[in-house]
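Structures given as structure tokens follow.
In the two assemblies presented below, subunit A is common to both, partnered first by subunit B and then by subunit C.
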Partner chain A sequence: MLKNYFQIACKVYMRRKLFTAINLLCIVLTMVVLLVVTAILQATFFPTGVEGRSERFLQIGTITQVSKNKTWRSPLGYKVIDQYLRKMKTVEKVAAVTGPESVSVYQKDSVNEIMMRRADAEYWQILDFKLLSGRVPTEEDVKQGRFVAVVNESTAKKIFGSAAVVGQKINTGGQQFEIIGVVEDVIHMNAFADIWVPVTTFPSSQYREQYTGNFNAMLMGKSAADLPLIRDELLQVVKQINADQPTHWDETYMWADSKLDFFARGILSHDKLADSGSAQLLAGVVFFMLLFMLLPALNLVNLNSGRIMERAAEIGVRKAFGASNRELVKQFVIENILLCLFGALVGLIFTKLTLIWLSNAELIPYLKVDLSFAVFSYGFVIAIVFGVLSGVIPAWKMSRLDPVLALKGAA
Partner chain B sequence: MFFHILKPIWKRKFKNLLLSLEILLAFCVVFGLALMSARYYQLYHLPTGFVLQDVWSVRMLSSGGSDKKNDPIVTENFQRSLSALPEVEQVGFINYSPYSNSTWRSDLFLPNSKSGFEVNLTDMADETPGLLGMKLLEGRWFSSEDEGRAEKAIVINKKLADSMFPGKSAVGQLVTDNEPGSKESKFLRITGVFEDFRNKGEFMAPTNFLIRRFSRAAEDERMEVVLIKVKPGTSRAFEEKLNQQLKLIRSDWGYRISPLAEMRKSKMTLDTVPLMIMAVIAVFLLIMVGFGLFGVLWQNTTQRIPEIGLRRAIGASSRHIYQQIVTEQLLLSSIAMLVGMVLLIQLPLTGVLGDAINWTVFITATVISVAAIFAISTLCSLYPAWRASRLSPTEALHYE
Partner chain C sequence: MIKLENVSKTYQTDKVETLALRDINLHVKKGEFVSIMGPSGCGKSTLLNLIGLLDRPGKGKIAVDGAEMKVWRDKELASMRNRTFGFIFQSFHLINDLRVIDNVELPLLYRSCSAKERRRLAEEALARVGLSARMDHYPNQLSGGQQQRVAIARAMVGRPSVLLADEPTGNLDSQMGAEVMDILLKLSHEGTTVVMVTHDERQAKQGGRIVRVFDGQLVA
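Up next, the complex of A and B:
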């Protein structure tokens, strides 16, 4: 049966090539926009590569402290990570890293602004940086507070003019670091930076005593199954922190989140709720995609309603031989879905080209998004939704043609 | 004539309903984009209230971020040794730099009322307004003569002066920074009214603005930014020398130096990103609508060949057919846009988006988007109409 439909669809679509081309163009344009967005969201929420172990670790970005009429929201202080999070029983590794801060680098006559993070040794163990040359800081380097630095490829080229910079000295913020490694450019939320130095190179040791500061924490469990346990234990730890803190707050909140949860919490500001609102965020994304599809779908509806008349004779014959309205609707919707799937396939090729262009155009520094199997299957789903959305109304109209008039071809 | 055209449209109402729905949606998309661009254009041409030529900003970051105390000796030292550099013309403190992403908001109260005015504010030293070339409209800037007075000296912008003291002069008036009567409230004295200070740059909507005086000698909290006006023609190579000079004063602080012109550039890029994304999406949608409309009109005229043949047979010229098809399409678009306008006019009427949608912007956006939709409808109907008008009556009547 499907084979029949497929053959008819091919015949019909080949008959009026101009309209089929217009139809396809509309589908491809829509699919490209939606697939590019999907690919970027997929790479953000479920990254591969440097943050490929994301399903095994949780991150804490902010600590929220509340008193009667005051709310203070800030990244973590090092003390919280060192004295409390590291002592948790359910975690395997805990990494502390500052948010990226812009610093000036003076090299010869030029001044460059680059983003710097200060990280501990575990940071390099949790994230899988691709090392191009040299090595990453070890626990020994961090413990001793050695002035060593890792830079990424672009920064090495920007400052020194070549990527072979291991052993060179770099001057930033009045401190001199020796470069020990070069890593690939990445943009992911925990990995993004131009230069990394050990956390122990802060000019003063004040940071060790702070509950709030500029740190993010990553908590890695032995497997993905450990993550709920980490979340549970964290609740106890937060109570302890709240009790120990010298400036007394009524309530302290801290949540260990996956990537998706982290973004949802930030966007919906669920700072005081255990539920991050990720379901809401996803619903919002789906809603906006449907909204975006509305105009192209209406467009397709209009084009398709016009094309029914081309097939009046066919419909008349089918009806005269006893085809029910439902069968006709089914046939037409399936035809439309087939066209959409074909459009999606072409769209995927253009999406790939767009993504290559986006990576090379450097609109967003270090952005590298690729099509994955997940994006491929989302594309499949989007095409089917789009096909149904734009096929149902013309199909319903078609099935209501009066067979007598249709046979005469004068509807 | 008008009804003659309306009648065939009404005859095919279901199909035309869908078509006008599509035009309506396209109209809304273009309108949104036009509205945003018009607002940006309007904001861009308002004065920012300051001059950024040759002004550099230096952010002074203490390690750990906890060192917020103002040390009068250090602050005075910064002022003196930076002024001594030959490339430097003026030096002035401010608590956060223009064109940065920081915002500081508070409420300001009249001494005898409980309802506050929302204001954006910043702290400046006596030298800073002059350094930034800000325009004074009334009264005077705060200066050393305000040192040691019980009430802190402030200056406010014209917008705030007009809304707080309508019809009278704001100079010399007292206001409070907290609800009158509460323990923490302090009096502030207005010494002058200035034109404006849109510190986030060209695309910042005008707000109530308040500038408090920062006293180098007596303030508790230090200023994080020092603005430096350099001699015209100073190159960026001066940055390293400046950094060395700064390190001589406090070696444990970090300094982030950038000319305001650079900060403006990156801020403008950041501000126009949403507009760009919207424009790309709108163009995508419009291309699609254009193709769709073209296809639909082509099909429609094909289906109406017998009708056209009949009209030709009873004497309509090919020009008449041409006109009929284009006019029908334009009429359909007008109906769709009329419905759209009824919905969209609620925006300025109800004032949901506040100042962002004023009548000037709204009317500009309306004109642009109506013109765009008419242009697309005409363009898409030209070829199908031409094709229909070329049919000879005999062929058309025989068309099966």
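Up next, the complex of A and C:
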């Protein structure tokens, strides 16, 4: 049966080449946009590259404190991480890292603005940076407050050109750091920066006493199964923090989130809710994708209706020989899906080219997104959804044709 | 085999109501060869479409194989058409995008039948109409007579009990028409019920019983 549908689909599509080309263009453009977005989302939220262990860790980005008249939302202070989170029993490692901050680097006669993070030693153990030369800071470096730095590849090239970078000195904010390592450029949420220095190199030790500040925490379990336990334990820890703070707050909220949860909570401001809203966000993304598919799908519906009506006599013959309405709908939807799958294949090629262009054009710093098996699978699913969306209405209309009129070709 | 009782059919257009058939009573017995004759526009094809369950009557009853059609649901109608009837049309209605063999297999797609079995039955049907050598051709590579023979092979491949032929020789020259008639007569002799609409008195007489329609009514 499928072979029969396939043969017919190929013949029909080849018979009207211009029409098929317009259909394909419609599908390919839709697929490229959706697949590029999907590839970026996949690279952002799935365990890949430097955040390859992200299925094992959670992050805490903000602490929200509430009193009668005031709600205070801020990144964490180092004290919260060092005094409370590090003592949690369910975690294997806890990392503290500041959010990326713009700093000026004075080198010879030039000034460069780069993004800096200050991190502890665990940060380098949780994230999986690809080291290009030298080494990353050790526990001893952090403990001793050594002025050492790791830079990424682009920064190394920008500041030092082609010279060997490890061992060079770099000056920023009145401090001088010795570069001990160079890592590959990364854009990931927890990793993005141009330079990393130990957290203990802060000019003042005041940060150690702060409940709020500019820190993010990363809590890694032994396995993904530990994450619910970490979340549960965190609820008790938060109560303790609320009780210990010198300023009185009625409530304190702090959530350990996966990358998607973290992103959703930020967008939807679910600061006081355990539910990050990621399900709503995903539903929104799916709705947006369907909406994006709707316009080209409507165009295809229109084109398909014309194509199907041209085949009225065939429909009449099939009905006469026992095709039910349902079987005819199935046939025409499958034909449309076949076209969409072909479009998806062409779309994947163009998506690959677009991703290469996006990576090279540096529109988004350090963006490196490639097609993966998952994106390929999403493409397959998107093509089928698109095929059904644009095929089912004309197919249903066609299946309702009166067989006698259809045989006369008078649909 | 097929029984029509007081069947009427009316076509309704915007303002005009046209009575196509009025109080038709017809009984076609198993194995019979019935020819329906009458002037153009008298309702012959409408009658054939009603018999083949392609159309539904405005009034009256239709019974096939002793079972009265009461529920005109698409799924049941499709299944009944597939199992009971084989259609032969004046303009062949072959699907030009499919090879001859695939055209003949068409009715078998809508029943439980393996690809191998479909192929075997289609080859057998084509052999019976003398077109084994043409199975990989496309319909537009065949003559009119050959195309109608393919259409007959398609109509009989599912071994239906009734063949419904709407002017099967209407688009053919006399020699090709005779060849097609020979095949239909042979099928009839083997026990298949044949109902044929024709304008050709001679062919109608070859079949046996003649039913005449005039202004939507059966006449003696």
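Everything that follows uses one rule, which is that the second predicted complex is superposed on the first by the 407 of 411 C-alpha atoms of A that agree within 3 Å, B and C clash if a C-alpha of one lies under 4 Å from a C-alpha of the other, contacts with A are read in each partner's own complex, and residues count from 1 in each chain.
Quick note on the criterion: a residue touches a chain if its C-beta (ideal position, glycine included) is under 8 Å from a C-beta of that chain, and two chains touch if they have at least 3 such contacts.
Everything numeric in this text was worked out from a predicted model, so none of it was measured.
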Answer with first, second, both or neither: which of subunit B and subunit C does A:E314 touch in the superposed model?
second
When the two structures are overlaid on chain A, which partner does A:L303 contact: first (subunit B), second (subunit C), both, or neither?
first
For A:V103, is the partner it touches subunit B (first), subunit C (second), both, or none of the two (neither)?
first
First (subunit B), second (subunit C), both or neither: which does A:N112 touch?
neither
Classify the contacts of A:T138 with the two partner chains as first (subunit B alone), second (subunit C alone), both, or neither.
neither
Subunit B versus subunit C as contact partner of A:T30, first or second or both or neither:
first
Look at A:A323 in the shared chain and tell me whether it touches subunit B only, subunit C only, both, or neither; answer first, second, both or neither.
second
What's your read, subunit B or subunit C touching more residues of subunit A?
B
Based on the superposed arrangement, let me know which partner A:Y207 touches: subunit B (first), subunit C (second), both, or neither?
first
Interface residues, subunit C side, partner subunit A - complex
49, 52, 54-55, 74-75, 78-79, 81-83, 85-87, 89, 93, 95, 97-98, 102, 105-107, 109-111, 115, 154, 158
Within their complex, subunit B touches subunit A through residues 14-15, 18-19, 21-22, 25-26, 29, 63-66, 236-237, 239-240, 243, 247, 251-252, 254-258, 281, 284-285, 287-289, 291-292, 294-296, 298-300, 303, 400
Residues on subunit A engaged by subunit B in the complex (per definition of touch):
18-19, 22-23, 25-26, 29-30, 33, 102-104, 106, 109, 111, 113, 173-174, 202-204, 206-207, 210, 213-214, 292, 294-296, 298-303, 305-307, 309, 393, 397, 409
As the complex stands, subunit A meets subunit C at residues 1, 3-4, 7-8, 11-12, 15, 313-314, 316-327, 402-404, 407
